[in-house]
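In what comes next, subunit A is part of two complexes: it sits with subunit B in the first one and with subunit C in the second one.
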Partner chain A sequence: MRAGPSQEEIRRQNLGALLRYVHVRGPTSRAALTAHLGLNRSTIGALTADLTAAGLVSEGLPQDQSGRAGRPSLVVRPEAEVYVFALVIEVDRLVAARIGLGGAVLDRREARRPRGVRDPADVVAPLADFVREMQRAASPSARYVGSGAAVSAMVRAEDGLVRLGPQFGWIDEPLGEALAKVLSDEVQGGDRAVPVRNNADLSALAEHVRGVAVDTDNIVYVTGDAGIGGGIIAGGRLVSGHGGYGGEVGHMVVNPNGKPCNCGSRGCWETEIGEYALLHAAGRDADSGTGRAAVETLVDAAGRGDAQAQAAIRQVGDWLGFGVANLVNIFNPEMVIFGGNLREVYIAAAAQVRSRLNRNGLPACREHVRLRTPALGDDAALLGAAELAFGPLLADPLEAAADNP
Partner chain B sequence: MSATPLLELRRLNKSFGPVQVLRDVDFAAYPGEVTALIGDNGAGKSTLVKCIGGIYPIDSGDYLFEGNPVTVHGPRDAAAHGVEIVYQDLALCDNLDIVQNMFLGRERKHGIVLDETSMEQLAAETLAGLSVRTVKSVRQLVSSLSGGQRQTVAIAKAVLWNSKLVVLDEPTAALGVAQTAQVLELVRRLADAGLGVVIISHNMNDVFAVADRIAAMYLGRMAAQVRASDVTHQQVVELITAGRSGDLGIRDGDAAAAPVRTVKEL
Partner chain C sequence: MRAGPSQEEIRRQNLGALLRYVHVRGPTSRAALTAHLGLNRSTIGALTADLTAAGLVSEGLPQDQSGRAGRPSLVVRPEAEVYVFALVIEVDRLVAARIGLGGAVLDRREARRPRGVRDPADVVAPLADFVREMQRAASPSARYVGSGAAVSAMVRAEDGLVRLGPQFGWIDEPLGEALAKVLSDEVQGGDRAVPVRNNADLSALAEHVRGVAVDTDNIVYVTGDAGIGGGIIAGGRLVSGHGGYGGEVGHMVVNPNGKPCNCGSRGCWETEIGEYALLHAAGRDADSGTGRAAVETLVDAAGRGDAQAQAAIRQVGDWLGFGVANLVNIFNPEMVIFGGNLREVYIAAAAQVRSRLNRNGLPACREHVRLRTPALGDDAALLGAAELAFGPLLADPLEAAADNP
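For the complex of A and B:
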């Protein structure tokens, strides 16, 4: 049995806490860091000196010095030259971005992706092009520290193996391996594993770290495109489950006699509130378009008085509230966030969603739940992938920085 | 949530000549919450808002701000307490730009000249603080803005003055779907930032999308003030149209003054 953490471990912990603080909250004065981290002034000074030496933060005078007496406290800023690549693979789009420490998107590329079954190589190749272009455009002094990827599929956390991606027709595709190869080909010093997670999980994480759910430790994030994804944060931690597949709220069965789902089951939540269900209920056939635009057009038509569109939105809103009530009863979240096209559906059908939640949710579980739309919009998964990529650096700043000179 | 209401009205009465428009109205708005004020046409919503804003003097009743009784004789008194009202017509001047509108009548001066730089900076900061990204330049004329952008400017103008309570009269009435969503998200952000917000709306969806509390008026009386997490769409519609729903609303016993009609009668 050990007596306690060693001095070295405590230092590592403190370095990580300080770097994480300025990464998440932005430039902060030493005085404020002292107050927020509960460390004394000389410790903050020493930690800052170490991080500055490692090129992870810089210090300077505050920009606005007016009206303050005395010597101003130095402001610690995250060094945005330190960057990661964040990759997003969704049903309708591929996104890649170069994101600096502190969360600023330094460069970004996006491509529309046609729906339907595709070879993984068709997804990886454009991402490789994006990474190459952005790497070329980066300044020579910029430092790469890792990558992370989000995909709307069920992913094994351990190695990024996509176990099931119904929207792509993937079963047991080694996506993590393929992306790791891209990074090691395109980026000097990029030969390491690329962590891959579910996009809704990473969206939940991003909204928790720098979005609408900051300081909120119990949240349920549901997002919709062709399918329905979910990310759950309980007690400040992402509920990933044993293998990384947790939070698949789209496949909770709500209607045993319902429509068949592309996961092989029947009556999944997705078959009642997904985009196809909404468009079908409104009598829109496949020819009248799919995707976000089709949902927006439908909501707009309902706003202008299209009765069939209104009825479809109410019906889907009721089902949305039904599932949310179940989730609220199970997780007792402080906040439920509606992302993707569920943002439009929620705003258009809030009365149905709320009413159903109030009817079916347990009063003690639902009394403080706040229903919200995302603050980060469609960039949540991208920023979440960046957080994933920054993970090792924030856990052990000096060690990780030494690996990436 | 917090126990002391930001604004509390007790047994408020207001008559115009022989017509009693508000009858013993109780109303409360809390910091960090959106309170939706709803009711049929002629239920007294606008009169109540004008009493809050100091446009109409009240006949009797208590006006408490942050728990202290105050007297409000005019809009300036209300503004001094931190109450700002955004009326439906927005009261923006088309021929002026965003900065000029936001500081209209309360311009900052540097000696005898206007301090344009600091006003421009503050206007831009306020819009950025509300995460408003749709407005390109704060020197744009208001006439060039869309309906949603105008609403945003009017709301930003209300927030600029360190206000504590912002009252919005039908902010989404004339907007399209996409702009309605943006304005509703803005309303939500105001409350999440700690302000008290009162929103008048006829749209049940808008009410449920943003409100923490719902205050339903019926024929000049407050039928019920309930939490949005406790009621259904159906109940709220009944409160508006009949003044009561199950255990909620105006009781039969004291309904003599204003006859309660059932949904069937209507």
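For the complex of A and C:
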């Protein structure tokens, strides 16, 4: 029952729509913006002038003018000097990047993270170093407008409190607060909250905005490392749930008589398709290594004819398809995307996955579903964290730009 | 990347917001509308004048003026002469109602429906009779503005094709088309499509708009008769999925070694918590009856100490909680609502449900969840079908009113 917007709100909405368009689609001619946004030429001109004055876009001749007759339409470009920091905290790695308006990764740092270390400082300190280095390397004219973080844990949207992060040994860890302090210390103008979300949620968002699922409004994204995460987009919007914990598909119980899960339940999907389940089924003990490399080694072994590895992949692939069928029945998505380790598992076991989906999925729910691997690879969460960080700027460009002179 | 609306779109949006407000909240003073819609007095006055001229609202003095000093603010009332037909097709009953703007049930017809009858005509013909009777009984000044239907089946949103209705023996049955013909034959101005949706989806919608879940944006509604249906609201919007089949939680597999389901899969939630599972677990064979009455008799027997009935309810209650825990982990809802037969089961087995939810649900996902029974009882789907029917009028009041003079 929201009333229509005021003139000022409409202007803000139009500025945001134009800026978001060039941020997502790249440099665009005024003529194309007029057509795509459904606004007239003079409005586009006025909006572009405002955004240019705020230093958020620039205008110029198209780079390729060959073969065009007449005066070319000016091209509006997102100003890549306007940047955010995107941070990713996963069980095996930490990533930080400086990402420009338009989505280009301008600078990037990554470190392996040893499993079994529980101290949040061991996560936060390296990220602080990365941010400091990248900030120093940035051009003096570059403008910081915010940060966003992805973590493979259950995180409260409101304040970035990690409610449960079994892979880090965290319960009720104030990660959002700690990251806000880092940004405040390292970056001028960084004295503000840093939004933090689940990494699978942000991966789904990134694949939707600029990956394999562009123009696809109903998506299930599942990803695996030591645990299993999920990000759901329904009707074009992320299913966040009441507190931000939506999409915890790894703790959907699929096998009531299954193994204990570290969430306290039993037979969760994670216990059947997680990395440990796969390595265990193949008879690999902890000494054979863990993480992506161990999964890739196993998949390679299966490809070379290792029967135990093949059986393990078939078994996990069957459970992967089993859970996907449940999610397809619940969400009727157009696409399911397999990220992280599940990408390797899916590629190696696509036949099992599809066969199980066909057996357990309702025909109407599954008939249009495409099974895909990520277009953004392991950078999906990073790019999603950048989208999160750019959110306030795209919602209200002039206000946010004024806050970050 | 939608641009801001034009002046004409804003006017339409404001007219819709005002009309929806009084439709949902009832008669409201101009002063309160000004406050709730965030528009100024003169805009509210102009919008009210337009809606009055279109015959959609009327203005008058408040009914209760006692104890008020000064000149009272005029009250805007939805015009209940403006009506829709709402139709419900369930395994054991057919319902049709004439429902006025504002949500009042002006007239209502209901018939029991025998199970095992497959001919769509046996559903459509009685509904046509109901519509004819109610239309004849309506005041000549009453204005029909549309219809909507709820069916306990998987239905394609686009055209009301029932893709799968096991309870009716239907596959790819063009129900929407058949109902459109009924309305076209019986009601002047009825020559148009009749939107059809799943009954659980519409029940969830109705409970959200005017039931137990008002102001609650993340809801899981589960309902049972012969089958199990689900309706999900995430972030205030129905999770419809790509084709309209979202929310088929009854075919989430919870027991991989369970019983065959009539969807072709095995161990679906429906096979563990559906009416047949409950009656079977209690040793009731088909001769003891089916449907709501049989479930109520069973619950009564358990209340009187029948050990077999008690054990059956405990068993089904445990599986009910099991599936609810999965859905709570996936959706992080604020409320789970138990409709149809599941209302009785939930009330009788609340301890099992809660205990299983506590065991399998992630604390962050379940900590704020309330378990509830419907406020609208068995009329939820009917009222949801009316909301569906009023949709075009509320989206664009003057245009829709002009189409229905």
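To be clear about the criterion, the second predicted complex is superposed on the first by the 401 of 405 C-alpha atoms of A that agree within 3 Å, B and C clash if a C-alpha of one lies under 4 Å from a C-alpha of the other, contacts with A are read in each partner's own complex, and residues count from 1 in each chain.
The rule is simple: a residue touches a chain if its C-beta (ideal position, glycine included) is under 8 Å from a C-beta of that chain, and two chains touch if they have at least 3 such contacts.
No experiment lies behind these values; they were computed from the predicted model shown.
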Handout entry: Partner chain(s) touched by A:Arg359 [first = subunit B, second = subunit C, both, neither]
Key = both
Practice task
With the two complexes superposed on chain A, say which partner A:Gly235 touches: subunit B (first), subunit C (second), both, or neither.
Solution key: second
Exercise for the section: Would you check which partner chain A:Asn14 touches, where first means subunit B only, second means subunit C only, and both and neither mean what they say? Expected result: second
Exercise for the section: Check whether A:Asn329 is in contact with subunit B, with subunit C, with both or with neither, and answer first, second, both or neither. Expected result: second
Exercise for the section: Applying the touch criterion given at the start, work out whether A:Leu205 contacts subunit B, subunit C, both or neither, answering first, second, both or neither. Expected result: neither
Problem - Residues of subunit A touched, compared between subunit B and subunit C (which is higher) - result: C
Problem - Contacts of A:Leu179 with subunit B and subunit C, given as first, second, both or neither - result: neither
Exercise for the section: Check the residue A:Val299 against both partner chains and state whether it touches subunit B (first), subunit C (second), both, or neither. Expected result: first
Problem - Interface residues of subunit A shared between complexes with subunit B and subunit C - result: 359, 363, 368-369
Problem - Residues on subunit A engaged by subunit B in the complex (per definition of touch) - result: 212, 296, 299-300, 302-303, 343-344, 346-355, 357-359, 363, 366-369, 371-373, 375
Problem - Complex interface listing, subunit B residues touching subunit A - result: 131, 176-178, 180-181, 184-185, 188, 192, 204-210, 227-234
Handout entry: Footprint of subunit A on subunit C - complex, ascending
Key = 1-5, 9-14, 17-18, 20-21, 24, 36-39, 154, 156, 163-164, 217-218, 230, 232, 234-235, 237, 239-249, 251-257, 263-266, 322, 325-327, 329-334, 359-360, 362-365, 368-369
